[in-house]
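Sharing a structure with you now.
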Amino acid sequence: MSTRSLLTAAALLLASLFGVIWYEYRRPEPVALSPTLTGEEEYCVACHADLPEISAAHPVETFGCVICHGGERLALDADLAHSTMRGDRNPSDFSVVQASCGGSECHSGSPEEGRDHIHRVLTSVQTTYAGAIAQIRFTYGAQPDLTARMGVSAVQDDMITTTTGLPSLEAFVPDAESSPSVVAFAENCLNCHLSAEPLPGEPYARLTGCAACHTPAASADLDRPIHRLTTAIPYTQCNTCHNRGNYDLRDMRFHPREDQPGNRLQDYYQPIAQFVRCEWTLDCIDCHTRREAMGDGDLHSSKQEIQYVQCRTCHGTLEELPLTKTITDPEDLAFRMAFLNPVIDLQVGDTVIVTEQGEPLWNTRRLPDGTFELFGKATGQRLTFRPVKGTACQQKIDEQESRYCHACHAVER
Amino acid sequence: MRPSFFHHLHPPTIPAPQARFRYTLGAGGISVYLVLVVIATGILEMFYYVPTPEGAAESVQTIAYLVPYGWLVRNLHYWGAQALIAAVSVHLVRVVMTGGYAPPRRLNYLVGIGLLLLCLFLDFTGYVLRWDQGVRWALVTGTNLITTIPLVGAGLYGFVMGGDQPGPATVVRFYAWHVFGLTLLLVGMGVWHLFRIRRDGGISVAPPVARVDPSRISRSELVRREVFAALIATAVLILLSIAFPAPIAAPIREGEAISGDARAPWFFLWVQQLLRWGDPFFLGVAVPAGLLLLITLLPYLLPGPRPVELGRWFPPSSRAAQIALGVVGAAILALTLLSLLFNNSSP
Amino acid sequence: MGSQRSDPPPVQRRDFLQLALRGLLALSGVLGLAGILRYFSYRPGPAKPTRFELGPSSEYPPGSRTVVPEAGAILIRGPDSFHALSLTCPHLGCTVEPTSSGFSCPCHGSRFGPDGAVLRGPALEPLRALRVEPGEDGQLVLFTD
């Protein structure tokens, strides 16, 4: 064994040590985050430092990443780190929502504290699709009346608070249906409930689960959704399912709308709709309340059972002013909503409109002269309006549905 | 330079044919070096590894990703251990194929078989200590094999696992075995094995009258060759460690869905293949034990080489033993390949 | 060639190779050692919190002395301000106990006055003063760093 051979071997060893040093410096710098809720270090930001804060209510110093997303907090290798993530890129998908968003201090708490979001959305008509399923099955003779018996998944409700609430829904099983129309319905018409993947294409682009509404999609590229949770949901988000076209019972197909809208007015509703100015100036959530959009915790057979807001809710009638409430409690729900979406600087002592079911329209405020101001939840736009009482409105007291208001106040496209 | 303590561990001179690479392949020597590598890297890992079900996999992730050069220590430990299994297997084949087990070396052959077993158990216990989804199935089935042993199965399982199912006691016991119990035995028997080599006259070679090449090499030359091999082996292990990280998977967590690779560690794939075919005790315990017994008793059952034929590969007089080992080796290899090709069940 | 005894002999090739070999091995050894030292330098786990929210100042009337166990400190409200003292004995780190005349350490008998000054050893330094500042909405915040 010559010295030359040993020298070569030693040089090889030294070269491999330099390889070690090179590899060590190539690795991502382990940047740690210690969220106060868990007290454990997480290293997600070593690679994901440029991810924006998801919302003011979920600061990353408090929550970190793993408490919602799952994943391996110590791993700096992408495959291992992501291997135990919940729901891939969307931890709010209903298959994992309880683990990601649940907890009695978070979103599966008590109704009294207003923390029962998960229960409400899982029983909501937008998730169960119970109304559409019941309508079709009734129409084609698969069930004797319009009371819902089935939802997209089986669901139970142990606490019924309304007169139309149901105790449970079975899972809708297309293979067990005898009517070919109902089977066709199952094949062609189940793309618009909150656990369904949407139809392909930009107009329909949305995520599933909570993110379907609360994460506005920047583009149709759902492989790169924006990292955001918001309550300032614009009408375009609702329009990923609503106002996209019509179902035809004859051929049991969905017919997408074919107009090419040029402005907000044209884009908002389908060409056949009739509406007043606030219905296209405001966003859907400016009128449709939390209970309407997310459910009241009960299983319902149709959306008519849950929709209750009308023009009179804000405008009152010729005989009555709209219902209002002066806020005295700094812990009032209205303040929590205003904090989440600061379009209005609500103060204790302000008077806001409340609905017939007591839900505060926290983005409104009565002005000293008896009129009201409203701030668009998605646009922030300030609008003022008068109550009907004391005006020249020609309504009939017992005709309060919006179609009657449309008779005079409807806008032409 | 004056010969050091390390030099004096070797005889002053040895016959040159004994030391030829083409004769021994250096397999035994490399095994000694690899044992040193895994002990050193294992000690380093002990400063960070946490032997509890909740902490184990996370501590492995800490070593792999967060500790400076932790990845290197871990990968060296892993590759060193796998290379050790390969090296001792090559050494076994070399010893049988060159007739190095013939008297007076039969006792040392038995010690060597013991060392082989210790290496396999060390590799298995180390594998389990990862406590992640990649080892879960191997842990469950490998240890359940113990329960199939008649009479003593249940008791033995309790002894090995510290309970009636894998749990916190299992981690601690496997850790104690891996780090201390088996290692102590390995070092003790290893020293005995090396001592016996010198007592039995060194690496087996033909008696002087029958030797073709009468030259000898000095202990300094021998040490130089060993240093050369060590340097090359270290460089290779380091390059392997850079290029191929040791396997790692998501931790085993209570109450979470079981996922993960249902494949045995590579050195037990042949047993896994056997287990696909029938009774677990017979195929998983009795057959492997029987093969091991056959190999152990080779020097006693089959004729060994005549002394003049020593010092080279495939001496004609011990052909039966060579064929026997060849058949066993080929069978294990074939079973391993079968397991890989036809039942590739990674999710 | 004629060798002159007064000149140093030229470096032989084999000595140079020996030197180079030892140099490479030594360098590898140093790198390895440096790597091992860095290996041991890792500090796991998040640092202990140094910021504690104490609630509104109305909960601590003037003249009150309130132990904050999770911070290892005592909050003292004087006539017009708040201050805080660490309850960690500066001697060897035991937690001192409040007494009628100040603080006393159970481990080696150090005594401190009510403002943390050393009355009796073996401690040589007074109890460390800690910052108390108003946080958001008038809540008190204690800093232990």
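Should a chain be cited, it is by its letter among A, B and C, assigned in written order, with residues numbered from 1 in that chain.
The definition used in the following text is that contacts are C-beta pairs under 8 Å (C-beta built on N, C-alpha and C of every residue); 3 or more make two chains touch, one makes a residue touch a chain.
Bear in mind that the values here come from a model prediction, so they are computed numbers and not experimental data.
Novice: Nearest chain to the global Cα centroid?
Specialist: A
Novice: Across the interfaces B-C and A-B, which one involves more C-beta pairs in contact?
Specialist: The comparison resolves to A-B.
Novice: Roughly how far is chain B from chain C, centre to centre by C-alpha average, rounded to an integer in Å?
Specialist: Computed from C-alpha means, the inter-chain centre distance equals 46 Å.
Novice: For chain A and chain B, let me know how many angstrom lie between their CA-based centres, rounded off.
Specialist: 58
Novice: In chain C, which residues are in touch with two or more of the other chains?
Specialist: 35
Novice: Which chain B residues reach two or more other chains?
Specialist: 62, 66, 68-69, 72
Novice: For chain A, what residues touch not just one other chain but two or more?
Specialist: In chain A, residues 6, 10, 13, 17, 20 touch at least two other chains, as defined above.
Novice: Applying the document's contact rule, which stretches of chain A touch chain B when the two form their complex?
Specialist: So the residues of chain A in touch with chain B come to 1, 5-6, 9-10, 12-13, 15-17, 19-20, 23-24, 27, 30, 43, 72, 74-77, 80, 83-84.
Novice: Using the touch definition from the top, list the residues of chain B that touch chain C in their complex.
Specialist: Its residues touching chain C are 44, 47-48, 62, 66-70, 72-73.
Novice: Would you tell me which residues of chain C are touching chain B in their complex?
Specialist: The contact residues of chain C facing chain B are 35-36, 38-42, 44.
Novice: For chain A, which residues are in contact with chain C within the complex?
Specialist: Interface residues on chain A, with respect to chain C: 3-4, 6-7, 10-11, 13-14, 17, 20-21, 32, 34, 36, 39-41.
Novice: So in the complex, which bits of chain C are touching chain A?
Specialist: Interface residues on chain C, with respect to chain A: 14, 17-18, 20-21, 24-25, 27-28, 31-32, 35, 45-47, 49.
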